[in-house]
Amino acid sequence: MAEPLLEVRGLRKRFGGLVATDGVDLDVAEGETLAVIGPNGAGKTTLIGQLSGDLKPDAGTIEFAGADVTALPASARSHRGLARSFQITSIFREFSTLDNVALAVQAHAGHSFRFWRPARAEAALREPARAILEQVGLGARGDVPAGTLAHGEQRQLEIAMALATRPRLLLLDEPVAGMGLDESARMVQLLRTLRGRHTIVLVEHDMDVVWALADRISVMVYGRVIATGSPEAIRANPEVRRAYLGEEIPA
Amino acid sequence: MLNGLQLGVMLFLVAAGLTLVFGIMNLINLAHGSLYMVGAYFAVAFLGWTGSFAAAVVLALLATLVVGMLVEMIALRTLYERDHLDQVLATFGLILFFNELVAIVWGRAALFATIPPALGGFVELLPGLRYPVYRALIILVGLAVALLLYVVVSRTRLGMLIRAGASNRTMVAALGVNIRLLYTVVFGFGAALAGLGGLMAGPIYTVQPGMGEELLIEVLVVIVIGGIGSIRGALVGAIVVGMVDTLGRTFLKPMLATVVSPAAADTAGPALASMLIYILMAAVLYFRPQGLFPAARS
Amino acid sequence: MTSRRRALTLVAVLAALAAVPLAAAAVDEPFYLDLFGRIMIFAIAAVSLDIILGYGGMVSLGHAAYVGIGAYAVAIPALHGVHSAWLQWPLAMALAGLAALVIGAVSLRTSGVYFIMITLAFAQMLYYVGISIEPWGGDDGMRLAQRSQLGGPLDLGDPHVFYYVVLVILAVLLLAGERVIHARFGTVIRAVKSNEARLQAIGVASFRYKLAAFVLAGAVGGLAGALLANQTEYLTPSFMHWTRSGDIMVMVILGGMGTLGGPVLGAAAYLLLENVLSAWTVHWQVILGPLLVLVVLYARGGLWSLLPGGGRRDG
């Protein structure tokens, strides 16, 4: 592969006696969608946390767009082009849906040491926010307090906020978590439109979503990546079958 | 220097209860200092009634224990679920209440408790080094309590429940343990400890409304330094703070006087000495924000 | 509460305050001028605390320290013959802000319980420093040589002039506060309270904004202190005692935190209650204590939420 957009080498993280990340290497090419799958407890969310900057690895390096970002905090990584959505919905519940996205836009539109002009009056923040809400399908829900949105809509808002930061790489942690069939299908549609335009690292349990979106798949078990390859190769991989012990990998 | 140890031990008694309550029940209790004060007042009252120091001690301890448990049952139960801000405000209200209550019953003037004759006098620890018996006793009692706590927490079933409750409350409840009773007992125990500190402190420091708050600040510093939820941390923190504070007050002014003019040392000395423990706290926090011996929590 | 309603309510409150001197003159009780002046000064302090507590979620138990610093920043220059308010008051704000900068820089690295305890401890430290410094009165405090001079016809020695000056400052503060809350800065601060992790994930380095808010709150607290020193003409280190911080916090909560008008109502309620209760009994705090506990447990929105249309917070 040409110079990968994201290069992870030897990442390690332990919590007390538990080794959550046990020497992980990953390469993600620009424009591709990499799905990370694995049984519960494999360390997928911990991996995302270290990539986004919310967790500090004990060892290893993370290179993004050619620069070492291992020591950078989450807010700095956001400005480099890394965006994250959370597995457990994490939004500003008291703010309106539009305000949530507008704040994400604001975070990348200069500093916020402005004390006089109402932020709501800044068209440069509102217009892009409205556009993104349309894009994810929440165009009609802008004025609703985010905390009163339905679960599926909140997951959409998660994506919207990530998009508002104009990222090069999206780290999506179980985007369809807790969603019903219809909502999941809509989310997959949305994510399909993002493929190619953004590089995506996707952690998911829902295999339908994975087959529909992934260019490549990495399988994690007990903090290690045991296999990486195309969806077909992963489906056929005996080690992967063993790791899912008894679980049917839907064909 | 022994005075530093004595202060440290006193701080430990109060700190242990507070840190236990915080570690297990996740409750900030600003009114803990009030329990210390209540212990001191009870001791003076019972001494007046019975004339016997021993009886006064036992009765005061019991009374403080009861008061503690009552407060827990009446006022604090609902606070476990609330956020820390609510706890701070509510227990602040309790402080106002208790301070005024003792003023109503005993008046605002400071009461003087006397050291019982049997414990007066000095003991010769080393040739030429005499130390008041009473203060030496405080140190011994404090260390004995620390040992007792250690044994209870690490060797007994109750201690195991306490440690389990500290790290995973829901699990313990799921195992069928009566959490409410456990909390009440732990709180009462903490209250008794604070009361013990108070009743021993009575003869040395003055007994007056608001005495708890002065100590409370130092206790908070102790807990922050030692690590919230950790008894070991409370002991180490308390002794360190007690030493630093006492030594600082004694030696800082003369030390300063060697480098700056006596007049400046006179002004700056006491001011700096009072700042010492806070600077220490800031330093500890800078390097180890969790304190020296943070209790592991889930 | 819609912003229109909020604005109208605030105007009503300010108008009521403006009418007090007239009412006081009508019943020939100049005491009320004093009382309401005091209320407004504490309202200024409470509003400044609300910025970080109510909007930013930072539970600072050491706010009285900044009030105390502001008071001393007026009294000490006065001791040396400097009486101009134009020098003293900015100095009060600058020194209080500086203290907030130092204390905030250390404290804001922690959160939750640690933060509460540390702000408390640092403020108390300043109190102890205050009582140890003899040239400035030590434990007994010091008198204010004379009230600050504004120059021209504005003689702060005249109770009416003083009252209206404080009122104007309060009004300006409320107006500025409204703008700040809705500007970019206020939005970030409110987001800190709502979900700081998310805020950082979208790219806001929240620490610098929290610190800035902390400093601003401290500076305004210092201004309140300067005004307080002028009002009482006497000050002691007890201005900085942590129980004073508790009082200010009570005013914020009682009135309704996270609103600008709430702290004003809270200051009024607290001081009026103190006034009424202490007429009954010198032991009024024995009633205030449990009352406070009850309010915290059962009436979280404070007085502001009891007003028509109240309940929904700013945002």
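Residue numbering begins at 1 within each chain, and the chains themselves are lettered A, B and C in the order written.
One rule holds in what follows: a residue touches a chain if its C-beta (ideal position, glycine included) is under 8 Å from a C-beta of that chain, and two chains touch if they have at least 3 such contacts.
Since the model is a prediction, treat every value here as computed from it, not as a measurement.
*Asks:* Please report the smallest number of touch steps linking chain B to chain C.
*Replies:* The least step count works out to 1.
*Asks:* Which chain's mean C-alpha position is the greatest distance from chain A's?
*Replies:* Farthest from chain A by mean C-alpha position: B.
*Asks:* Report the inter-chain centroid distance for chain B and chain C in whole angstrom, where each centroid is the mean of the CA atoms.
*Replies:* Going by mean C-alpha positions, chain B sits 31 Å from chain C.
*Asks:* Quick check: how many Å separate the C-alpha centres of chain A and chain C?
*Replies:* Taking the average C-alpha coordinate of chain A and of chain C, the gap between them is 43 Å.
*Asks:* Find the geometric centre of each of chain A and chain B from their Cα atoms only, then give the gap between the two centres in Å, rounded to an integer.
*Replies:* So the centre of chain A lies 48 Å away from the centre of chain B.
*Asks:* If we count contacts the way the header does, which residues on chain A are in touch with chain C in the complex?
*Replies:* It is residues 52, 54, 73-76, 78-79, 83-84, 86, 90-95, 99, 103-104, 106-108, 112-120, 122, 161, 164-165 of chain A that touch chain C.
*Asks:* Report the residues of chain C in contact with chain B in the complex, numbered from low to high.
*Replies:* Contact set of chain C toward chain B: 53, 59, 61, 106, 109-110, 112-114, 116-118, 120-122, 124-125, 128-129, 132-135, 242-243, 246, 249-250, 253, 283-286, 288-293, 296-297, 300.
*Asks:* Along chain B, where are the residues that touch chain C in the complex?
*Replies:* Within the complex, chain B contacts chain C at residues 22, 28, 75, 78-79, 84-86, 88-90, 92-101, 103-104, 213, 217, 220-221, 223-224, 228, 266-267, 270-271, 273-275, 278, 281-282, 285-286, 289.
*Asks:* Which residues, counting only chain C, touch chain A once they are in their complex?
*Replies:* 179-180, 182-188, 190-191, 194-195, 197-206, 209, 212, 313, 315
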